[in-house]
Amino acid sequence: MSILKKTAKESFVTMTEMVLPNDTNPLHNLMGGRMLHLIDIVSAISAQRHSNRIVVTASVDNVSFSHAIKLGNVVTLQAKVTRSFNSSMEVYVEVFAEDIPAGIRTETNKAFFTFVAVDQAGKPIPVPEVVPESEQEKELYASALRRRQLRLVLAGRLKPSEATELKSIFED
Amino acid sequence: MSILKKTAKESFVTMTEMVLPNDTNPLHNLMGGRMLHLIDIVSAISAQRHSNRIVVTASVDNVSFSHAIKLGNVVTLQAKVTRSFNSSMEVYVEVFAEDIPAGIRTETNKAFFTFVAVDQAGKPIPVPEVVPESEQEKELYASALRRRQLRLVLAGRLKPSEATELKSIFED
Amino acid sequence: MSILKKTAKESFVTMTEMVLPNDTNPLHNLMGGRMLHLIDIVSAISAQRHSNRIVVTASVDNVSFSHAIKLGNVVTLQAKVTRSFNSSMEVYVEVFAEDIPAGIRTETNKAFFTFVAVDQAGKPIPVPEVVPESEQEKELYASALRRRQLRLVLAGRLKPSEATELKSIFED
Amino acid sequence: MSILKKTAKESFVTMTEMVLPNDTNPLHNLMGGRMLHLIDIVSAISAQRHSNRIVVTASVDNVSFSHAIKLGNVVTLQAKVTRSFNSSMEVYVEVFAEDIPAGIRTETNKAFFTFVAVDQAGKPIPVPEVVPESEQEKELYASALRRRQLRLVLAGRLKPSEATELKSIFED
Amino acid sequence: MSILKKTAKESFVTMTEMVLPNDTNPLHNLMGGRMLHLIDIVSAISAQRHSNRIVVTASVDNVSFSHAIKLGNVVTLQAKVTRSFNSSMEVYVEVFAEDIPAGIRTETNKAFFTFVAVDQAGKPIPVPEVVPESEQEKELYASALRRRQLRLVLAGRLKPSEATELKSIFED
Amino acid sequence: MSILKKTAKESFVTMTEMVLPNDTNPLHNLMGGRMLHLIDIVSAISAQRHSNRIVVTASVDNVSFSHAIKLGNVVTLQAKVTRSFNSSMEVYVEVFAEDIPAGIRTETNKAFFTFVAVDQAGKPIPVPEVVPESEQEKELYASALRRRQLRLVLAGRLKPSEATELKSIFED
């Protein structure tokens, strides 16, 4: 018998990295692709903590990059599972960059990655439900449905006209 | 004076990679984050070709991962700029994975990355317009507007009710 | 004017890593040298947080490795500055390894790294004093003196007979 | 039947590395953790040569870093087994850094790493005794006992009052 | 029954890479060894495409490096099998480097790598013959015999006096 | 005034590496391109030792690969400058691979790399002459002329009919 419910904060993971030369572009800023790589790892660990399973990346939602992160900066990533759907889990990640000698800390990215828990043969396997506790966790739990519909629409697996959660946003 | 228009195919880039051990998860499949890293690099090169500028990643649209890519497989990424908006460019990337000894080739991912052309100081700088020629290029050019509105809505920079291109999809 | 005192917990850093193929030996276990590399990075970030300076590694104390950490395991490193001496800081690091699917978490290493804060020219520069608050922080603060004497003795910069803190341990 | 004794110099290994960008901190100097990683590899190869076995790192003794090693410098590491204790071996490593164009060569580090020889299942297995020949080898062989006691004391596996070799140092 | 003949262009592969900091020497130029590493990968993929087998590098012919390739440049490698001999294949690679913002594109290297197709046990296995179509393909197919004799002479497996194809070059 | 002559053995360099997972192909053998990368680094260090200059790779002669080197093997590379020609130096490298637990050591490769010494602006600069001492050094010094002619012929910078050293080999 497996655990049926786990709180969101049980899946909380913090990752801290220093920006090294090979992570940077010719302007000496962290490349977007390297940031996505880091976010994928931290959110995979978070999904592992929730499911106690091997997990594989199912999708990444839209991520925007609006701040340059310099060589030598420290990047902190914090991940937490927001909600599960059978064998899939949505993970929310917040990223902060710090120029510690300059005393500057900036929130640089927010991202939603989705993972599927699999067994050793790579077959999907059910995961515990998420119990949100804090206000932010409850808000993320509720809005997960809307993000899921958007993913399904973008993947061509749901007709826009049937995405009821999404439709309501565009009607006012 | 700079070039005002360039065809989409002038920005075409092909990248081929072999999946190495360090790119893989415990199931010996390519990790999602590593794939995003590769897509970022090939699309950055494509945006560079279009703009003849240093470019920085501005955003990645929703990407889904539905196929496992095994250790030793060959990954082919093909990128092309679809449309530009002042200093920003949307790049479309198609990814194929091959198990060459087994003779299997699969389309594994499609992605849209957006880049901003910058000068040496990191300041945005205008780029040429895109001239789409093939049917696919024309379709991608037209739909770029809708994807851009979705990005702006998701980034909280456009009200859903004002996203006219997007709204039409949900109304029928 | 600079800050004269900071609490130990202001320098707290958590780093989380997944063990990848290239980190492992032929038994598929994390190599000791890779672990030391990770401990060096997390403790350097902790020393940076305390000093708000670029820091360089001055020494590592004896570290022992008694647990095998497998490929795919998750490694969590937690670092905190224990005490400062002019421009140098001692950082304490605790390392845990988890086989998350198996539900096993083990404390694998404890380490003390010492860093020196430097200016842009690489010249040592004073750092704030450490204010220990918890019982563990106070104990580590007190014992830092003894560890420092051992370092000086081992480096040939202090005669064993003058290492009063150390001597007392061997006399009873 | 296995070899019972081997000379120290049979385990001698020289490793030469060039300092690459990703090995360096924001001052463009080799990071301490990267140096420890290199020392671990060269000393593991030396312990392999002595034991003809797979080896795992058991501990590193205090290492101090007193010289900055610049990007592009050449680092030479020389390792030799000093003494064995059943299945464990102490390896002595000397590190030199050279700025070859400037004609400067500096001894930068000395380190003692300890390894355990294991079979394919990871179980400790006896190794040959070391026969020291040169004056330095004999001195290192003799002092290995004292360093071993210090390791056991620091690991809490030997009471300081029973560390007879160590005690004598602090009494005079 | 396996395919007996394949055209040269069926094995065509394009690889595109950006020069990253860790690929460069102290003058910030791509290191020769890193370039050879890239050429080996692209030509191995080409030989895989021709043979639908795992392939192992058998030899590299003389490669000269006459152009500095700067950090941030884009390197394009194009590979095609020229001719097969039982289980071995010769692959021709052309390398171009671009400083895209400066609008400069240079042919930097030409190389011939030879691969052997092997089965899972590493045993050589026959590959299809190559059908050259274009003028360049036909020229490379014809001259492959001469390059092969030179390889055999250099490897001491053919007496210079018996290298009839080669001899003719030196006699006039 | 600079040094006019240096012995061959003053440029001797030994490099030792362990084959890690990311260096290997799907058969778990060291990839040819990674081996060439290692040979380039060790021979560049040797050329640096001879010239006390920054050096850039000018060419690699034919290298053949006839032995599989397994994951976990130890690779030893030994390099020495054979002869100089104004600002260029030919370096001879011998590579050995060892499966230490199995007690097997094999000579796997021999290679000749050529480097050019350059100043900070990348401009070629004269290097000392080489004084060969041992029989092998004298033989390599003498035959360097023939290899140099072959390089020039292959690069299209010398007519085969004028390559007097080479011609003699094919005439008997």
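Lettered A, B, C, D, E and F in written order, each chain numbered from 1.
Simple rule for what comes next: a residue touches a chain if its C-beta (ideal position, glycine included) is under 8 Å from a C-beta of that chain, and two chains touch if they have at least 3 such contacts.
What you are looking at is a predicted structure, and each value in this text was computed from that prediction instead of being measured.
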{"item": "If a chain touches subunit B and subunit F alike, it appears here", "value": "C, E"}
{"item": "Mutual neighbours - chains that touch subunit B and subunit E alike", "value": "A, F"}
{"item": "Chain of greatest Cα-centre distance to subunit D", "value": "B"}
{"item": "Length of the line joining the C-alpha centres of subunit E and subunit F, rounded to whole Å", "value": "20"}
{"item": "Centroid distance [mean C-alpha coordinates] between subunit E and subunit C, Å", "value": "49"}
{"item": "Centre-to-centre distance between subunit E and subunit D (centres being mean Cα positions), rounded to whole Å", "value": "42"}
{"item": "Overlap residues in subunit C, where contacts from two or more other chains coincide", "value": "21-22, 25-26, 41, 44, 54, 72"}
{"item": "Contacting chain pairs - touch in the sense defined above", "value": "A-B, A-C, A-D, A-E, B-C, B-E, B-F, C-D, C-F, D-E, D-F, E-F"}
{"item": "Subunit B partner contacts - residues on subunit C that touch it in the complex", "value": "20-22, 71-72"}
{"item": "Contact set on subunit C toward subunit F in their complex", "value": "21-22, 24-26"}
{"item": "Sites on subunit B touched by subunit A in the complex", "value": "25-27, 29, 31-34, 36-41, 44, 54, 56-66, 68, 113, 118, 120, 122, 150-151, 154-155, 160-161, 163, 166-167, 169-172"}
{"item": "Subunit A to subunit C touching residues, read off their complex", "value": "13-18, 41-42, 44-45, 48-49, 52-54, 72, 74, 100-101, 103"}
